[in-house]
Amino acid sequence: MTSVVATNQTILVVGGGISGMTAALEAAETGKQVVLVERNPWLGGRTAQLYRYFPKMCHPTCGLEINLRRLKANPRIQVLTLAEVTGISGTKGDYSVTVKLTPRHVNENCTACGDCGKAVSAEIDDAFNYNLGKIKAAYLPHSMAYPQRYVIDRSIVGTPEADKAKAACKYGAIDLEQQEEVVSLKAGAIVWATGWKPYDAEKITPYRYGEFPNVITNVEFERLADPHGPTGGKILRPSDGREAKNVAFIQCAGSRDENHLRHCSRFCCMGSLKQTHYVQEAYGDAGKSTIYYIDIRAIDRFEDFYAKVKANPNVSFIKSKVARISQDKDQNPVLWGVNTEGYKRYSNPHDLVVLAVGMEPSVKGVDIPAEVMADSSGFIMADPANAGIFGAGCATNALDVNRAVQSATAAALRAIQVVNKVARAEA
Amino acid sequence: MARKEYAFYPGCSSQKGASASNYLTSVESMCKTLDIKITEIPDWNCCGASISYAEAGELPRHVMNARNFALAESNLPGQDIVATCAACWLGARESKERLEHNSGLMADTQEALKEAGLNIKAIPEIKHMVEVLIEDLGYDELKKPVKKPLAGMKFAGYVGCQTNRPFGIHGESFENPVYLDKLIETVGGEAVPYDQKVTCCGGALAFSEPDKAQAQIKDIIESAYDNGAEMLVTPCPLCQANTEVYQGQINKKYGTKFNMPVLYYSQLMVLAYGGSAKEAALPGNVIRARKLEEFAGK
Amino acid sequence: MSNANEQMAARYKNNFLKEIEEQAEMGEWVKMCMQCGVCSGSCPTNFHPGWDHPPQEIFMMIRAGKREEVLTSNSMWMCTSCYNCYVRCPRKLPITHIMHGIAEYAYRLGVAPKFQPTLHLSQTFWNNCTKTGRVNEVKLTQSLYFKDGFMAGIKKGLEMKDVALGLVKAKRLNIMEALGGGHKCKDIKGIQAMLAKAKELEAKRKAAKAAA
Amino acid sequence: MAAEKKHAAYICSGCGLGERLDIAALEAAAKKEGKMQVVKTHAFLCSAEGVAMIRNDIDNDGVTHVAICACSRRAKTEAFNFPTTAISRGNLREGVIWVRPDTDEARETTQEMAEDYVRMACAEVKAMTQPSGNPNTGMNKTLLVVGGGMSGMTSALEAAKAGYKVVLVEKTGALGGWAAKLYKRVPTREPFKAPQDNGVADLVAQIEADANIKVYLNSTLAKTAGAPGRFKVDIAMESGPTVTEDIGAIVQATGFSLYDANKLPHLGYGKSPHVVDQAGLEELARAANGGVMKRADGKEVKSVVFVQCAGQRDATGEHLSYCSGYCCNTSVKQAMYFKDANPDVDCVVLYTDLRTPGNGEDFYRSAQNKGVIFSKGVVSEVVPGGNACTVKFHDLILDDKAAQIEADLVVLATGVVPNSGVNIDAVPAAPAEATEGAAPVVEEKPISILNLDYRQGPDIPQFKFGFTDSHFICFPYETRRTAIYTAGPVRRPMDIAQAQEDATGAAMKAIQAMENAGLGKAAHPRAGDLSFPTARLEGCTQCKRCTVECPFGAIDEDEKRFPLFNESRCRRCGTCMGACPVRVISFENYSVNTVGAQIKAVNIPDEFSEKPRILILACENDAYPALDMAAMNRNEYSAFVRAIPVRCLGSVNTIWITDALNSGYDGVMLMGCKHGEEYQCHFVKGSELGRYRLSKVGDTLKNMNLEAERVFDLEVAITDIDTLPRKINDYAAKIQEIGMSPFKGF
């Protein structure tokens, strides 16, 4: 049975991505007790799945390393992974929360030695790599996974495969009897940082994602470029493993579109500008990128990043929302449309098409287990009526990492205001 | 008492001796097999089609459709209207939608209808025959009567525009609708994938801009051939006519050797249900579907 | 320029956008375009050099007040009513209908291109089908082929001979229709009266807007 | 902690260590060279039982120093957590067996590697003491907020709501800043369709009602001295005396100034009263107050053109090269002022890229719906006429180069420049100059805002374009002046909504900094670190390298010109330690000695052994994790390397390198983060300074007449899991090529 120590001066943070980790760390480093709840078996969220950041082209895992070190060093944070909040009752300063824990089937004895992974032969989709590859059903989600513990996928529990894994473990770390459990805990304030999900590209039917193998999404492209990814960092076509040297980026794939997401997702322009660097990095002058856009939203000081990319002769810009994609006999996606600057028709074949899919709040569709107010796009709005529950990061707006962390830091203070009040009242 | 009854709106082309008379014939025998009763709306009139926009203006177009609504409503109460022509269906649905969402337009329409001694209470549902088959009956029901599966025959399901956009068949994607393919498979044929499935045939512009329309039609037929299709299958009289009757001219212009029969889904179904070439109105095809004629003969 | 045209030009002075919003079917949507160009790219692409101006450009021209260029343009007349633009527009503009609306307005003002074949088709079709309530396909084809005068008609007729013969053989073109026969509605009178009323009402509605 | 030291080594034989290594030999090494009083082996050291064994030795057997020889320091951190005990980690798993092939020929060298890591762990822990915490803490918990605009007011209120006292200093006579000059602001809530009240009055009222907030109007900072938790701030009031406030931390929210539109004569500004900037338009709107918009001459405006990016996104270098972020939404809002008052006013917005992120898209749509016309075009000129202006532009959609519009009024979106005070890096002080003790040359203008009494200048270092933003994406509140945070448009161009979010976050960080200063704990990135630098001043030569090189301005000079450490400003990177030529600076648990001892602990085989030894000094944040993850992927590398993690390349003292070479190492690899403009060093200048210092090692090598290649400086990123092992092997090969060092066995 998992035990959680929490009082009405505890801050509950829901979501263990960079926003949730930030909110939790800032609060804990200010002396507050924090419970951090994450649905995945690992922390870090979507930033951990990025290869590089704009505009510095540095690596998200570098910041993750620091945040994990802060976390390991801080006894005030309790982390629950494979955990989902199922109910919240009570009011500001006095919430009762129930959390559902899905079994990992691996306990704290795990040393991440990897013997179970070797023993198991069953494979599952590699979720960390957006299912672009397969991994063993006994797996460490990724090299920086925290907790640094393996996971036995539920699909093999109750099969001989799981028994193989158990037999291979010298440390009694594998517990196939683990059951789903529900823990209850108190909290004075709650930070809701459940982040975002990439818009489902299959809904953008003219682009034939899911039908044409060489039409992928921007988040998938990050995994292709990453040495930890399914291709070991090589930019290859899913259809035939050929080098993708002529890459198209389609902006507003789902965003700024009343048939899909009404809002502008903000990060995608910079994201694609950044990804043209991956093509250049991989193939030098042989790598060509084309960005199809409506407006390039390289906001504030990012403008100079845009200017640099524009100056690169290997990157071209076409002001056009691509109308549709067809596929030629070599499975090259062919983009059809009109360059609106002076009406020029095009039908351009590319090796690979990257859809800059937009940001959909994860809370959308999910009923947030409390009266949290969301706008019609599903983003959490600041709501006086719920003065003890605060949105943070991309659950509140379409934000880039930098702004998400600001938002999370602000949310931490709002939560602290509540628990400090409780503390003063009880003092 | 048939299991389903509809107020039937055949449309101008699907009349005896008209350009889609073979569509009508095959639909009638198909419905007989499926025990669907279709009763023609008494004295129905033309929908105006899309092309009339310039001369007709807005209101007169809706009024033309409104008259059919009123006639169906009063003569065949409680029955949904079913159209076989894509343009009729679209025109009627557009008018229904516009009238129901624009009270001013509705008022004017009623006033105009008064001149013909008619008025509208509630506009009936308007369905395309394909919707009746798929949604009201379902593929399983359509499969049951199949006596002679069209085994080993390769068809390109040509959906075109107006049964597909803007309303479309429920649950289908605009870019790659699969209902025709499913119908083909339901009657035992093979639906070949090809990339001109929803390309526009030029519509009415086949008359006014023949060169441009025929360029489109060429792409469609070519792609069907390239992907191994023997015949084209459509749900729309104008698509059928355009893709069929201009093949000769296209051959002249482009030096192609097109000779691909273009059928209605209803013709395939009649044959699969064991109907004769005549019941399937095969003689109505300008480019004779020899393979099917033999099949029907067996 | 025709009289009606001058009146409207004067009425709306330099505000062509407003003119379109009030006078053209669905014209009120023009202002909502964000110039992404998906409509232009969606238009049947083998049609070049068919379009002088694709929809998104037409909308921009309207906003820029290029009244004559727009109204006299061939472009709207190229619409096949395929509805690709309509379903893909991220701003949900009913582009197909806007194109029809602008074309219809240009025709109403008498400034549409002379001998525009699609315009002629539209006139012919509507007159044909409203005459008896139903289309008479033979007369339709005849009047289409003879639109450019008798000789041209013969020529076209010959060109189309195979097509026609094919249809006749297949019993899908009934020569009898040419001679008074063919399909018609019973209540032709009612239909005529109804349509006359509709025309009148529509004219009234548009005039009222212009007057406002 | 027990008075006398007792050293213990614990060796794990789990995770294959037992199978791959001769554990008995490791134990012997720990006893003999390691000189551990206690040496124990456990088959599963990180298990509850193994940890309990260590715990028991500490509690009942007086063990004070523990060398854990098992897995990487990055693994099982929580298990091996003994807060009162000095701990070192010998990395036998990721550091040895996971990067070595399991073959007979490899066995010997792998074993040597493991034994060295055991000796190193023992040597390190013996040189360590457990940090006791900074004694010179300041306990003050009052927040100073500089600037009374939207950002400043928000920081003040949010901090006060958390129960902290706030001193708010505003240089003008009223609170509200630019926002107070706005007729309305861009909407912040659904449906995002219409401008909303600017909200200033409400905030001002809240501040006046809050007993925790003390406001100084018409006031500036004359001097800011001290350190986090104990700042002394002199506040100069326009009228009256200068008062001194005791402050714990500071939020600087000094906002922006408008870009001077007079620099845009080609756009008609200054030439015609009917060309205004966005601020000018707000004045007209306030005058109209919802009624018809009139221009300066009282004429009702019937047509208006908004020119976006006026003097912004400028490639020529003449104007602002950046985008100010908020101006598109502002023009959308201002166009609505006209349309809402009179729908017949012609409003045209000329833009190149319309930038309305997030729900701004709804606001944009709403403006279109109100009839505002948006045209993609580049404005070349605004020609003032008697009664109207002519805007000439290139219409990019209609590709009309000669497009033009007549308008009664033209509004220029000119953007902002930050009020960030003095640019202390205006003339960078190169370490070279520094050695001669030259202070950084400081610009005369503009006038300082904080007037910091810091050795390294009076204001916050600037980032880009004069904005004081953090350089880190993951850490937007990183600051180079501990407990001083900037917020709002001074930090980065932003709109009110973002500024208020930012101001709240800055208040959070400032509060956190005060709390931790009081506890003697370090701020980010070594948050909570209790160690702090001390200097044996008797050995100091007053060279001032430490004071100049400290990236955080933690070190001043006392009246006798000795370094004066302000521990609560210190971020514990060790750059001062690395800089010190006489090695008098050290931390209790990280010193010249803790690393030096490890270097000496490595057993150097003789010249003829064909077994070179290569020392790796690796940044603990990026390079060391990269080595770890390479190991997790079982990417093998040479058995001749011995890796030691360092806090930062900046903390690397050249003595380590010369000692290593003198004691017979054949090569030294330095692995640090990227430096330069896009630096990735989390101590800002650490890796750069380190590299600069080490570039001087060349001379040493010459004097020892060793090949230059024997010291190899490698830039490493945390993702280099494939390339790093390859580079290590290449280097090992090169060393074998150039031959063994002659300095062995001395």
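Order of writing sets the labels: A, B, C and D. Residues in every chain begin at 1.
What we mean here is this: a residue touches a chain if its C-beta (ideal position, glycine included) is under 8 Å from a C-beta of that chain, and two chains touch if they have at least 3 such contacts.
Note that this is a predicted model, so its numbers are computed, not measured.
Asker: Just to be sure I understand: going only through chains that touch, what's the smallest number of steps from chain A to chain B?
Answerer: The least step count works out to 1.
Asker: Report the chain closest to the protein's overall CA mean, measuring from each chain's own CA mean.
Answerer: A
Asker: Compute the centre of every chain as the mean of its C-alpha atoms, then state which one is farthest from the centre of chain C.
Answerer: It is D whose centre lies farthest from that of chain C.
Asker: Which of the two pairs, B-C or A-C, is linked by more C-beta contacts?
Answerer: Between A-C and B-C, contacts are more numerous in B-C.
Asker: For chain B and chain C, what's the span in angstrom between their mean Cα positions?
Answerer: So the centre of chain B lies 23 Å away from the centre of chain C.
Asker: Take the average of all CA coordinates in chain A, do the same for chain C, and state the distance between these two points in whole angstrom.
Answerer: Roughly 50 Å, centre to centre.
Asker: CA centre of chain C versus CA centre of chain D: separation in Å?
Answerer: Between these chains, centre-to-centre, one finds 64 Å.
Asker: Calculate how many whole Å lie between the centre of chain B and the centre of chain D, each centre taken as the average of the chain's C-alpha atoms.
Answerer: It comes to 67 Å between the two C-alpha centres.
Asker: Going by the contact rule already set, what residues in chain A reach two or more other chains?
Answerer: Only 206, 256, 319, 324, 340, 343 qualify.
Asker: Residue numbers in chain B touching 2 or more other chains?
Answerer: Those would be 174.
Asker: Quick check on chain C: which residues sit in contact with 2+ other chains?
Answerer: Only 34-35, 56-57, 84, 88, 91 qualify.
Asker: Could you please write down every pair of chains that are in touch?
Answerer: All chain pairs meeting the touch criterion are A-B, A-C, A-D, B-C, C-D.
Asker: Quick check: in the complex, which residue numbers of chain D touch chain A?
Answerer: Listed in rising order, the residues of chain D that touch chain A are 14-16, 44, 46-47, 71, 75-78, 158-159, 161-163, 189-190, 313, 315, 321-325, 353-362, 376, 396-397, 399, 464-465, 467, 469, 471-477, 492-494, 498, 501-502, 504-505, 507-509, 511-512, 515-516, 524-525, 527-528, 621-622, 625, 629, 632-633, 674, 678, 680, 682, 717-722.
Asker: Which stretch or stretches of chain D touch chain C in the complex?
Answerer: 346, 364-365, 368-369, 371, 373-376, 395, 397-398, 400, 403
Asker: For a test of understanding, state which residues of chain C touch chain D in their complex under the given definition.
Answerer: Chain C reaches chain D through residues 15, 17, 31-32, 34-35, 56-57, 60-61, 63-64, 66, 91.
Asker: Which stretch or stretches of chain C touch chain B in the complex?
Answerer: Those residues of chain C that touch chain B are 25, 44, 46-47, 50, 78, 80-84, 86-88, 96, 100-101, 103-104, 107-108, 112, 117-123, 125-127, 129-130, 133-135, 137, 144, 159, 162-163, 166-167, 169-174, 176-177, 183, 185-187, 190-191, 193-199, 201-202, 205.
Asker: Give the list of chain A residues in touch with chain C in this complex.
Answerer: So the residues of chain A touching chain C come out as 206, 252, 256-260, 294, 319-324, 336-340, 343, 345, 347.
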